[in-house]
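So that you can tell them apart, the chains are marked A, B, C and D in the order they are listed, and the count of residues begins at 1 in each.
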Amino acid sequence: MTASAVVFWVLTLIVLASAAVVVLSRSLINSAFALLATFSGVAGFYVLLGADFLAAVQFLVYVGGILILLVFGVMLTHRIQDLDLRAEARQLVPGLFVAAGVFILLAAVATRTPWAIGAGRLPSATTAEIGRAFLGKYLLPFEAASILLLVALIGAALIVRKREDA
Amino acid sequence: MDALLRLFSLIPGWDQNVPAWASISLAGLLAAGLCLGFISLGPVGYVYVERKLAGFMQDRLGPMRVGPWGLLQTIADTIKLLFKEAIFPAAVNRPLFVVAPCLVVIGAFMGFAVLPFSPTWQGTDLDVGAFYVIAIGSLSTVGLIMAGWASNNKYALFGAMRSAAQIVSYEIPAVMSLIVVVMIAGSLSLQQIVAAQAGGLHNWFLWKFFPLNVIAFLVFFTATLAECNRTPFDIPEAESELVAGFHTEYSGFFFAMFFLAEYTEMFVASAMVSVLFLGGFAAPLPVLQTVAGFDIGPVWLIAKAWALVFVHMWLRWTLPRLRVDQLMHVAWKVLLPIALFLIVVIGGLLTAPATAGGFPWDPWFGWPLTALLCGYLMLTALRAWRWHARQVREAVA
Amino acid sequence: MTPAEICTKLQEKFGADVVSALVEAASPYVVVKTERIAEVAAFCKADPALVLDNLLCLSAVDFHKEKEPRMEVVYHLFSYTHFHRFALKVHVPREGARVPTVEATWGAANWHEREAWDLFGIVFDGHPDLRRILLPDDWEGHPLRKDWTDPDFYRGMRVKPTEQMADKAMKGEEFGTGPFQHDPFNAHVPVSGGEA
Amino acid sequence: MSATRPITSADTVGWRIDDIGPDEMILSMGPQHPSTHGVLRIELITDGELVRDARPHIGYLHRCFEKHCENVDYPGVIPYTDRLDYVASMGNSLGYCLAVEKLLAIEPSPYVQTIRVIMAELQRIASHCVAIGTYGMDLGAFTPFLHLLRDREKILDVFEWTCGARLLYNYNWVGGVSHDVPEGFVKACREIVSEFDQITYPELVNLLIGNKIFISRTAGVGVVSRELAISYDLTGPNLRGSGVKYDLRKDEPYSGYENYTFEVPVGEGQYGPKGSCFDRNWVRVVEMKESARIVSQALDRLEKLDKTDVREKVPKRVKPAKGEVFARSEAARGNLGYYVVADGTAVNPYRVKVKSPCFTAMSAFHHVARGVMIADIIALIGSFDVVLGEIDR
């Protein structure tokens, strides 16, 4: 087993275990904080794949942004301590069916896709190429996404704005 | 790490007998150990200096009892902190309570991985070095929130909320003004950013596009000040309002870890500022880069970082603290527009061929202004020292 | 205005409700009927010739040895418009004392009245927040009354040493912790209990 | 949320969870909190950083001052008065002595009165040093506090030299003072005054009062209107900060204050509405300067006056005739009033009631505290400059 394989399995273990905690934990706040390990593990995968820019983005956006927002949301929820998060197993059978279906679908896609293994080379600097792709070939979708985000931002600001009459 | 690997290869027979992954791991561990020593011993010095500085500014002596001139005071304090009982209040969320300070320290410590102390003395030269430092900072934020929540204390929670809001807000102007530097250097790699500033003080990014980059520097420095929770942005631990903010309930070693993280973050942030704007390990004069054939880049970087740390301390003992809404006002309505403006203007200037390498007057401002500034600071220091000496003389007489 | 003029003005307005007056002394005052104090207060503040807009002090005094034992509430007033001073007094019985509040007229009366309730047991009718202010919420009695005696026990703790204990302590002998023993903080022992 | 909350009779200790809305929180600030200036406890209902309602709880430092007074003789009360406002003890005992002297109809000699004025004004400077210094510390500026304490120390040194105590002096006696000023007192005081004028005052203005952050933290925060100030009997710098030019030393002079020329500063609202935290502190700062002026005039006067025995008029036995007196004096924190009732038969006061300026200032607190932020609560408490020893008595 090579060193990178060891790292891969360690990362997999971290991601899976913390994801299990996210799903199974009864305390909402513990779930939220377990996401930290999940996100970091995924960032580790990116590093392993040589996509250092993506790894940094993963960290900045997910850990620095989304996770903090999530934790904020949880903390600001009224009487969060009283909440009982016991998952009831009422829909176990349909749930199992759905899970199995999704798994089969994903497995089919994974096995049937003609992965280009071994061909091509690892890009030495991903950052520059990502930049060129965003501002060149994919400029339109990139700009569309940014306008969408801007609209969401303005809308959020409008909603939380202090009303004059209140 | 590269330097360490090269050292290993000097050992006869090393390359043949030791597998590559082992020597890389060993080099990584050694480098990490070096940084760990630096960060754990650094605060001992900083705290002493900070206390003495505070004493000087406040017209008193500072620590004087333990050791000559109180030199051993912080060591004694460290020992005390290490041996003190770590108290866990009854209703804390114990796992999170323990993990939180570790996360904060890790977040501060990981910044060292990319700090370039010299062309070879660097953990690793990431392509996205500058970006990495910003990204890793969010780990500390999560740690702070965790600490505030786990403490089960309203003041701690307030501190955590404040610090999260503050760090997230100030990251934006910091990144924006960082982009200015990245655009000029054309790279995110810290090595290349430093390389672009080599060749003397007038090449530093601080003096590029003369008045513009100075503004970018001020924006970035202010934002780092806020991200380190230092006065006037120390509202997360504002001791007069929130008792001690997020570390209200911590004691002993866990408290020491927060302390350690704060001072480490201060150093990392200052080092980043000096890498981005003050030429990093590049000496102000190329002649001073080597002494007797040895590259003294690390000395320059550390000296510049410490000078900025000194400014942090200076501000702390001079200014009152802002209120939370004023703090947000500064971030969103002052720093962010300035940073955006700078990005647009400098981006435009860089695309124009006439100003792609900076304004024509750039080389003429760096030296005189630096000399003026240094002269003024020295004069002030001299006056302060003479005044202090007179006070002491009068007290004795 | 001089105190005499103020007194005349009040007598004109309120007639027999002004019970008595002492205007020649160093601290001039009038005594008004207890039930009317709130109206007199409002008048004192509103009247353009008086404008007694400031309540300097509200104090209660316990006169328990008079022929008719009574308590007094004294209102020291001041005007920031005319710069004159005056005092109003009301007489209340020592038991079941009730006085209308003047909190609506002068905000400062709020806490002063709470203090008078706390230390003298005078109830101020209409007061929005009549709670103990200086003493603990579970204190029993009103200690500035002249017939107040220190309790032997507070929350089951002996707070006053017995004579034997005092004697022993004076002689420098150990007197043990027995009588001082703490009961659990919230275990209420009747205050009158314990040894003599 | 309505402006006033109904308070139930069961609700004596504090607000309960049912009293607050879904996005509100009860925050208990104090009695062990770094900046409630002692053992004040303030209960806050907050919505995030915003304070919806505040309720001060006092009494943690209650020492039955008024009950003590009824059990000791008239001069015996003086040491207890020292412990009221322990930051400015000279002013407290002065007020009490004035009240008893009024009851006895005695007037000390001009020499004694001048000494009293010097002591009271030095004490005012020393007290404002603490007030403004700790206020700076409340706002996060640590350095001005130590600079001001340095100057307070010099004044305390002079006090110690004169009467042997640094905090609780027992210096003003009924009819006189306990000790004559020592040899070289005038010179030492002149040095203090000149150092204050040349170093402390400009330094204070540069470092703290003129600081942009300080101004933005205080100007426009905690505005007390003229009407509120008068209704709640705010006095001293708090009242003058709201723009009311009233100072007992000027308007009802005692102890020969009419002989000195000085200005009465009022809040000018330079940086926002009049009566804000900034104005109250600004008044304190200018007042220190004026106090220094009075001290130097009083020192001139002291040198010209004939030395008399400072205990010449101290009565052997204080037993006033039946009567009552309400006397006020301008202490450092405002008008300190003593209501003394004598029954004519005993050597003990029948009743002593203290009208403490901090007590009334704190009673207006909830009006000002609604709608500000948590950090402003700290700024507010500090700007009222309360001393709990005087509130709780």
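Operating definition for what follows: contacts are C-beta pairs under 8 Å (C-beta built on N, C-alpha and C of every residue); 3 or more make two chains touch, one makes a residue touch a chain.
Not measured: the values here are computed from a predicted model.
When the interfaces A-B and C-D are ranked by how many C-beta pairs touch across them, C-D comes first.
The most distant chain from chain C is A, comparing centres defined as mean Cα coordinates. Distance between chain A and chain D, defined via averaged C-alpha coordinates, is recorded as 60 Å. One inter-chain figure worth recording: chain A and chain B are separated by 30 Å, centre to centre, where each centre is the mean of the chain's CA atoms. A separation of 68 Å divides the Cα centre of chain A from that of chain C. Each chain gets a centre from the mean of its Cα atoms; for chain C and chain D, those two points are 24 Å apart.
Residue positions of chain D touching 2 or more other chains: there are none. Among the residues of chain A, none is in touch with two or more other chains.
Chain contacts: chain C has no residue touching two or more partner chains. Listed in rising order, the residues of chain D touching chain C in the complex are 4, 7, 12-13, 58-59, 62, 64, 66-67, 102, 228, 230-233, 244, 246, 251, 323-326, 328, 335, 337, 339, 341, 350-351, 353, 355, 359-360, 362-364, 367, 392-393. Within the complex formed with chain A, the residues of chain B that make contact are 21, 93, 95-96, 99, 103, 126-128, 131-132, 134-139, 141-142, 145-146, 149, 157, 161, 164, 168, 171, 188.
Across the complex, chain D meets chain B through its residues 25, 27, 33-35, 48-49, 136-143, 146-147, 150, 207-208, 211, 213-214, 216-217, 373-378. Those residues of chain A that touch chain B in the shared complex are 3, 29-30, 33, 36, 52-53, 56-57, 59-60, 63-65, 67-68, 71-72, 75, 125-127. For chain C in complex with chain D, the residues that touch the partner chain are 25-27, 53-57, 59, 61-62, 74, 76, 80, 83, 87, 106-108, 110-111, 119, 128-129, 131-137, 143-144.
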